[in-house]
Structure formats: C-alpha cells, structure tokens
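Both of the next two complexes hold chain A, though its partner changes from chain B to chain C.
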Partner chain A sequence: MNIYLRELKARRKSIIFWSIGLFLMDAASMNKFAGFEKSGQATQVFAAFPKGLARAFGLGNVDINTALGWFAMAFMYLLVLVAIHASLLGAGILAEEEQDKTAEFLYAKPISRAKVVTEKLLAALTLIIILNIVTLLSSISMVAAFNKGVSPTQEILLMMAGMFVVQIIFMVIGSAAAAIVRKPKYAGAAASAIMFATFFLSLWLDITEKLPWLKYFTPFKYFDAKIIANHAKFDYAFIVISIGVIIAMLTMTYVSYNARDLKI
Partner chain B sequence: MNVIETKKLTKYYGKSRGIIEVDINVEDGEIYGFIGPNGAGKSTTIRVLLSLIYATSGTATIFGKDVVKFGPEIKKEIGYLPGEVFYYDTMRVKDLLNYSASFYKKDCSKRIKELAGIMSLELDKRIDDLSYGNKKKVGIVLGLLHEPKLIILDEPTGGLDPLMQQTFFNLVREENKKGATVFLSSHILSEVQRLCDKVAIIKEGKIVKIEKMSDLAQSNYSKIKVESKAAIPEGYFDMAGVSGLKTENHSTTFMFKGDINSVTKKIAALDLVSLFVEEPDLEDIFLHYYQ
Partner chain C sequence: MLNMYLHELKQYRRITMIWIVSLVTTAALYMALYPSFAPQLDAMKKILENYPKVLLDALGVGPNVFLSFAGFYSIIMAYMMLAMSIQAMNLGTGIVAKEEHSHTAEFLLAKPVNRTQVLTAKLLAALTILLITNAFFMAAMWAEINFLADILIAGKIFILMTLTLFIVQLFFLGLGFLVSVTAPKIRSVLSISLSTVFVFYVIGVFDSIIGSKAVRYITPFKFFDNQYIINNGSYEPAFLVVEAVFLAAAFTAAYYFYLKRDIRTT
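Moving on, here comes the complex of A and B:
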C-alpha cells in the first residue's frame, strides 16, 4: 500500500482545493436560486429564453421554482467539474511518473506494473469518493438551507450516486489514455478532450433533441438529474452500459500499460 | 553462475537502432564494465535488463530468470543507479529513502543511516532543494540501501566531485567484496579502468569486444611520443606495427605493436627534445577500437 499512501499524500492539497471549489459552486448556485425565489421570477426569466438556449442551460422538464428543481439544473455544472477532476486525475496519476521522470525510480523496484496501476487507481478512487462526499454533504445542506430546512435527501443521494459512476467512467478513460498515448504529457489533454467532446455532445442532444440514440455515447446523459428530480430513479440500462465502459477502459489500462515501453 | 546473461539481445525504437544482438555474460562476483560513447546503447541495454522497456528480440536473464517474466522477483536483489536522477520533488530525502525501502521486505533503516553518513546526505532537505550532485548521492544510497546482490550503475559519477567519486568507488568495492556483482556502464574510461575486472565495449549498438581488464591493459601496445628539434619528415615512421600516427609541429605520437627495437633504432636517428614510451591507457585502446 506504499504507492497508494504516497499518492494520497502528494495529492492532499489538490483535493482540498477541489473540495472548496465544489462547495463554493454548490453554494453559489443555490444562492442564485434564493435570489430568484425572492422575486418569484425564475420561470419568467428563463421563459424569455429561446427554447434551445434554455435547454442548453440545463432547463428541461423540471420545475426550477423548487429548490430541488433548481439544483437539478445546477447539477450539470457540478458534474462537469467533477468530470474534469476525474479525467485529469485518472490520466495524471499514471502519466506523472513518466512525465516527472520518476518512472525509472519506481519501476526498478520489485513491483509489477499491474500492482502499480492497481494502487494508483485505488488512490484515485479514494480521492473521487472524497470529492463526491463533499459535494453530497454541501448539496444536501445547501438545498435544505433554501428549501425551508427540508432536504429531498433521497433524490440528491441518487444524483450523487450517478455522479460517482460518471466520475469513475472519466477516471478510467483518463487512465486508459495515459496507458495508450505515446507521450505521457498528452495523456491529460487526451482525457479532457474526450470529456469535453462528450459534454458538448450531451448539450447538443439537449438543444436539438435529434438523434436520441447518441445519448449512449455520452456519460453526461447516463444519470439525468432532471429525470431523477422528477421520478427519483435511474434508468438502469445506463448502469449496465457504465459497467461495460468501466470494464473496457480498465482492461485497456492494464493491458496497454503493461505491454508498452516506459517513456524515460 | 552467470548473474546477467543476454543472448542476441536486440532493441529497436520503431526504426531507430537501440542495440543489436548484444551477448554479454556477467559472472557472479564480477565488477563488469560496459563502455562506449553516448548513444552507443548502454542505457538501452540496462533498461531492457530492468524491463523498463522490452526487447525487440533476443533474451535476457538475471540470476538465471527471464527479466520480463520474473521482473518483480529479480528486482528484489537489484540496486540501480540511473544515469540521470529524478525524484519526487516535494518529498524529503528521508521520506524518499523510507519510501524506497518500503518496496523491499526487509528492515533497511540501519543501512540507510550508514550510507547517509558515508555520503554525507542531509536527510531533512526537500528533493527540489538539492543540487544535482546531492541528488546523485541520494541515488547512490537508494541503489544500495537494500543490500542488493546485483548493483547496476549507469554513468554513476556524473555530477559527483572527485572526492565523492572516490568515496563512491570505495563503497562499490566494499559491496563487491561482500559478494555483490556490479555492472557499470560508463563513457569515462578511467573509472572503468579503476574498478572493473572485465569490460565490454559497445559501439553503435553492437558489442565490439569483451576482454578481461588485465588483458586489455597488457596488450603489447606501446604509446610513443617523440619531440624532435627539426621537423620529422613525412612518412618517417611508415613501418609495420605503427598505428594512429599524429604529427603536430615537431611532435609525433603513435601506437606501436611489434619488435620495439625496430622503432627505437628509427628514433635514435632523430635529434630529440623528448621521448615518452608509455603503456597505453584504456582511452588509447578504446580509440583504437573506434577507428
């Protein structure tokens, strides 16, 4: 567990900053809701938006006059943030040894590459769980604060469970990128590129409502907060797809990373 | 038993050459030198041995075991000092040493203290506050702290001052006396000459020659330097056994192999300012192979 512990130690500052960032984002978006709620104009303001644009802001079939509805809209932005975090973390945690040229130190030790990958991914998973829990707690407390003290905990728990799956998906996309790309410094860029591509795909799907089958290609569509807010449940097909994607990416990570020359 | 054994070990990086059909046998207890200029394939060979990169063809074994298949197991008994040292910048020296030790399932704390003392390391400093020479010293301690049976050194002395080099060589000799096998790559011949029993010369990815150091040093070449009052006529030393002839103003140097009398007679006929006849050092022999 020495690699796992070293990774956590090396990344504690970064996870603190991310946690603060997520909390502030959460607080700021719910604070906006308070502003609109006071004037009672949330629906009117957004009603003035063209339909496509409104959808691009995450306004769909959800009542943004309720704290939970508003949160479901804001959830999309939290999701983008944690997805960026997970992509960069998954890619970085593997690629950094080569990028910082410490690979020669590490891999001269009596340890297999698979073991290194396992410990590093476990460290990344731990950090992802921490960020998820921070977001969960701040979301529950923030929504409660603006919902007359009552928090729709079940819906938020479901959204965070969905968020967790999306985090894992982007983490393993990141690690697969780091295992595959020839130059480790491009691993983070490749992972973020995939992340943003799938994000814009989900936006495009929201705006145009065309080619609905494309939703299977973007994790941002797997756990739709608006559906969770309205129905308090997931679409279980996406859980199956998610598990498939995660297994495929993990396999790619282990196989490619073990088979290639280290960049030294 | 051969500690390191490679058979037709070949590595290409895409199309560019790394090493070609390298055959070396390092026996138990030897200090084995591996010399050649930069880019000849020394580091490539070492990295294949450590399975940091994989051979294109051929085989390599350490302690009789395949280096890829049994990589983690073999590395328990290998100490490695890379040519260029890079460590986790934000770690403190002692934390790095302990981290490194944690990979070996034994208590290294006593040895760490000893080695840190010998190399006069400052254990509380952060890695990024260290000079390159001090990082190299950390590397030496990292390479030796688990008392490995095989020590692999890639250009070990770069960045070390002469005093530290001496300390380091003594340390390596001591480890060798205790039974460790040493594989040392270098482009600095004097350090190989000082330390090694056997030497393999590598050039453009291929092993050119493997010899015992004593044989290499005793090859019956003489290095002759003649300085005369008048210019030495061109072609004066055109005779059997002369090689590597260089003339600069009134001074001429060359390597000679054969009946020394034939050349002393020639020299005697010159009006000399000075004359040196030396046993060639490895540098000269090395140049000889590289012509």
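Moving on, here comes the complex of A and C:
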C-alpha cells in the first residue's frame, strides 16, 4: 500500500499537467469545429472525396458536419496522447527505480518483487483512470457546447471505454518493456517505439484497403471512433483480443521482472 | 572539442541507425501504396473539375497538385515530418540534459573546456546526426521513386519537399536545446519531446482542415505549403524568415542560459 500511495504522490504534478493538456486539446479541437462549421462550402468538397483520399485526411466515412462526427475524427489525436502517457507511465514506473538508483533500497525491503510490481501497476492504473475521466468529462461538455447544448453522451462513453482499454494495453506493453529491456533507460523508448509503430500502421491502414487483417496488430484500430459515431457500438472481437494482449503482457511483466537481473 | 563531438556521435550511432532504418521502412511502405492509389486519383480529378479553382486551392487540393505523385508524396512527408520531429526534439533535449541526469555533468565540466565549447560540440554533433539521417532518407526515397514505375516528379520539387523535413527538424532541435538548458529538472526526455511535438502537430492538423492562416506562423508543421512548392518551385520566404529568427533566438538563448546554469550534481 505504501508503494501505491508513494507512486501516486510522486506523479501528482505530472497527472495534473496531462489532464490540463488533454482538456485543452479537447477544447481546441471542438473550437476548430465552430470555425469549420462556418465555412460550409469546404465540407462539400470533402464529401466528394473518394474513400481512400478522405481517409488519408483522417475523415473516413464519418460526417464531420456534426459535432459528434468531428469529435470522432479528433478522437484519434486524443487517443495518441493518452497512449503516449500510458506507454511512458507503464515503462517509467518500473524502470525508474533502476534509473534513479533506488532499486537497491526498495528491493532490500521485506517485500516481494511481485508485490512491488502489483502496487506500481495499480498506481499506474489509477492515474490512467483519472486521465480517462478527465477526458470523458471534458469531451462531453465540449461536444455539448458546440452541439447546441445536446451531448451524444452514449457514443462518447463508448469511445472513452475504448480509450480506456487502449490505455491499459499500452500501459502493460510499457511495463513488459521495462521488465524485458536490459538497459532501464531504453524501456520508455522501446514502449513508445511500439506505440508509434502501431500508430503509423493504423494511418497506413486508413489509406489502403489492402491487408485488412493487419488491423489486429494495432490497438488504434480496435475501437474505431468513426464506427462508434455511426453505429453506437464496437466490435466485440476486439475486446477479446485486447484482453488476450493484456493478459499476455502482464504475464510477461511478472515473469520477466521476477527473473530480472536488476541494474544497480 | 573534437573529442566531445566524436564522443557524442559514437553515443548516438546505434539509435541513429535505428531511426534511419525505421524512417526509411515506414516511408517506403506508404510509397508502395501509390500504384493502387493512382486510379482513384483519376476518378477524383473528374469530380474536382466541378468545383471553383479558388476554393480547391484554399483547401490545398488543387487538381494539378493533389492529384499528382507530388501531392501523394506530400502526404507521406507530413507523416514523416511528425516522426522526424520527434527524433530532432529528443536529440536536442537529450544531448544536453543527459549529462545531468546520468550524473556525468561534474565529470565533463571539470575538464579544461568551457561551457561554450561543450554546447558547441553538442550542437555540431546533433546537426551532423540530423544531416546524416536526412541524407540517407533522401537517397532512399529517390531510389524508391526510380524503382516504382510511372512516377513523375521533378528532381527540384522532390529535393525541396524532402528538405522541409530537415528544416522542421532544425526547429525542434532548437526548441529541444532551449528546453534542456532552461528546465530546472528533466525527469523524462521522452515525455517532454513526445508531447511537445505532438501538440504542435495537432495544432497544424485542425487548422489545415479549416484553412486557417495565422496558425502557419506558430507551428513548423505548417511552415511549408507543398502546394506552393509544387507551383512555384521555391519556399515561401516569410516562413524561412520566421524559422531563421526562431533558430537565432533559440540558440542565442540556449548559450546564454547554459553559461549561467546551476548544474545539478545530485
């Protein structure tokens, strides 16, 4: 319990900073929608785009004339931000003890490694939930503000539920990286490399219709905001895959970290 | 000074190689989509003919630009710019800050070199790393363009468009240097560089959809309008000035603050 509380306290400033950042991003993107709505003619041109081209612009088959459609497009960028946060958090929270040379101190205490990992991951999970709730509340209020006071709460809730799963996936990828990568200072780099590789893969899949099965390899495609905006549901196959990935990464984290030769 | 310069190059050798390989692979994969993209473009051309040309130009989708290979290439450049900016910002922030957080600053600054020399060596090393990355990237792209059939792009336009990557990288290198000498304590270089670059990127994305002008002076991602490059075969001078002023200010400030910095030794 001590470790859990200590981690939360140590990251208080950073989570406030991230929350403000996400709120501003949310506000700014919806503010752009107001400007976009005014220039009505522009939307007709985008509407005429063939699918592949529109997707290259991040528009996809969603109506960006509605506040929700616009938000679905902007959602991708919120998703990348929280994914950056989750990857660095998951990797950092384990790797920092070695990096800051506090590992000897911590692991000399009468506490098992598994317990340390559990408490640290719970702290990371708490922070992720906080960030998710902040994003949820700011999204609902921002979309409502630019949608004549009406909020499509159900769709936004679904998107944020999807975002939460993606956050957990990147957090456990981060912690697995910290457990496996030999030099602790490269743990964050490895986790964010995976994150960006999957992000670029999802951009690539947006442009082309070739190799559609590749979407199983990028969490950014698991909960497609554009589909949620249109149908108010997500594909349950991806929830099963997500759970599989999370369990695999957690197992890897615990097993490798237990056997890890800590850098001292 | 030469020692410090060479030491930095050696330190960054592996990570730079990883960057080059992944950048080239990613860009090559995007580029390989072009042949399947081309027929769509022809259909698109017919649709766009119905719209007033002024409007299309304002949106950056003028037919002769957007529907050529150069137009497709500019989409790839936009993605690559994001990735390479992260490289540059990471490099700029890390190359100075790492001495403090890996506790080697005392060692380095106790040597008979002054701080100006230290910063200069690091700056030159960072510039060399970025130049090498861009040289490899440009060569690889040119090779792929020549390898894929039916692709037409003027050599000059290709060079101008690819070179925007380097110029934007310089912006983030400057910003990174500035951050690393002014921030009191840097816990994680990565989280600073990733979030900074991404915020600039997103500002650019939204404003290009609504066609905002003012924002072009704020985010380097919008300094270069590929449509302008294709039509005029040059950059817009105003934004080169913005970039130059920023770089001059950033590096002057970086030297100023680094000379006065209270180096953390614990």
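The rule is simple: the second predicted complex is superposed on the first by the 249 of 264 C-alpha atoms of A that agree within 3 Å, B and C clash if a C-alpha of one lies under 4 Å from a C-alpha of the other, contacts with A are read in each partner's own complex, and residues count from 1 in each chain.
Here, a contact is a pair of C-beta atoms (placed from the backbone, for glycine too) under 8 Å apart; a residue touches a chain by one contact, two chains touch by 3 or more.
Nothing here was measured: the structure is a model prediction, and the numbers come from that model.
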item	value
Partner chain in contact with A:Leu214 - chain B first, chain C second, else both or neither	neither
Partner chain in contact with A:Asp261 - chain B first, chain C second, else both or neither	first
Touching partner for A:Phe105 - first (chain B), second (chain C), both, neither	first
Contacts of A:Met252 with chain B and chain C, given as first, second, both or neither	neither
If touched residues of chain A are counted for chain B and for chain C, the larger one	C
Partner chain(s) touched by A:Leu137 [first = chain B, second = chain C, both, neither]	neither
Contacts of A:Asn2 with chain B and chain C, given as first, second, both or neither	first
Residues of chain A touching chain C in the complex	14, 21, 25, 28-29, 32, 35-36, 39, 41-42, 44-45, 48-50, 52-53, 56-58, 74, 77, 80-81, 84-85, 88, 92, 188-189, 192-193, 196-197, 200, 203-204, 207-208, 210
Contact set on chain B toward chain A in their complex	13, 47, 50-54, 71-76, 78, 80, 82, 84-90, 99-100, 102-104, 142
Complex contact set, residues of chain C against chain A	22, 26, 29-30, 33, 36-37, 40-41, 43-44, 47-48, 51, 55-56, 59, 61, 75, 79, 83, 86, 188, 190-191, 194-195, 198-199, 202-203, 205-207, 209-212
For the chain A and chain B complex, residues of the former touching the latter	2, 6, 10, 100-105, 107-112, 115, 259, 261-262, 264
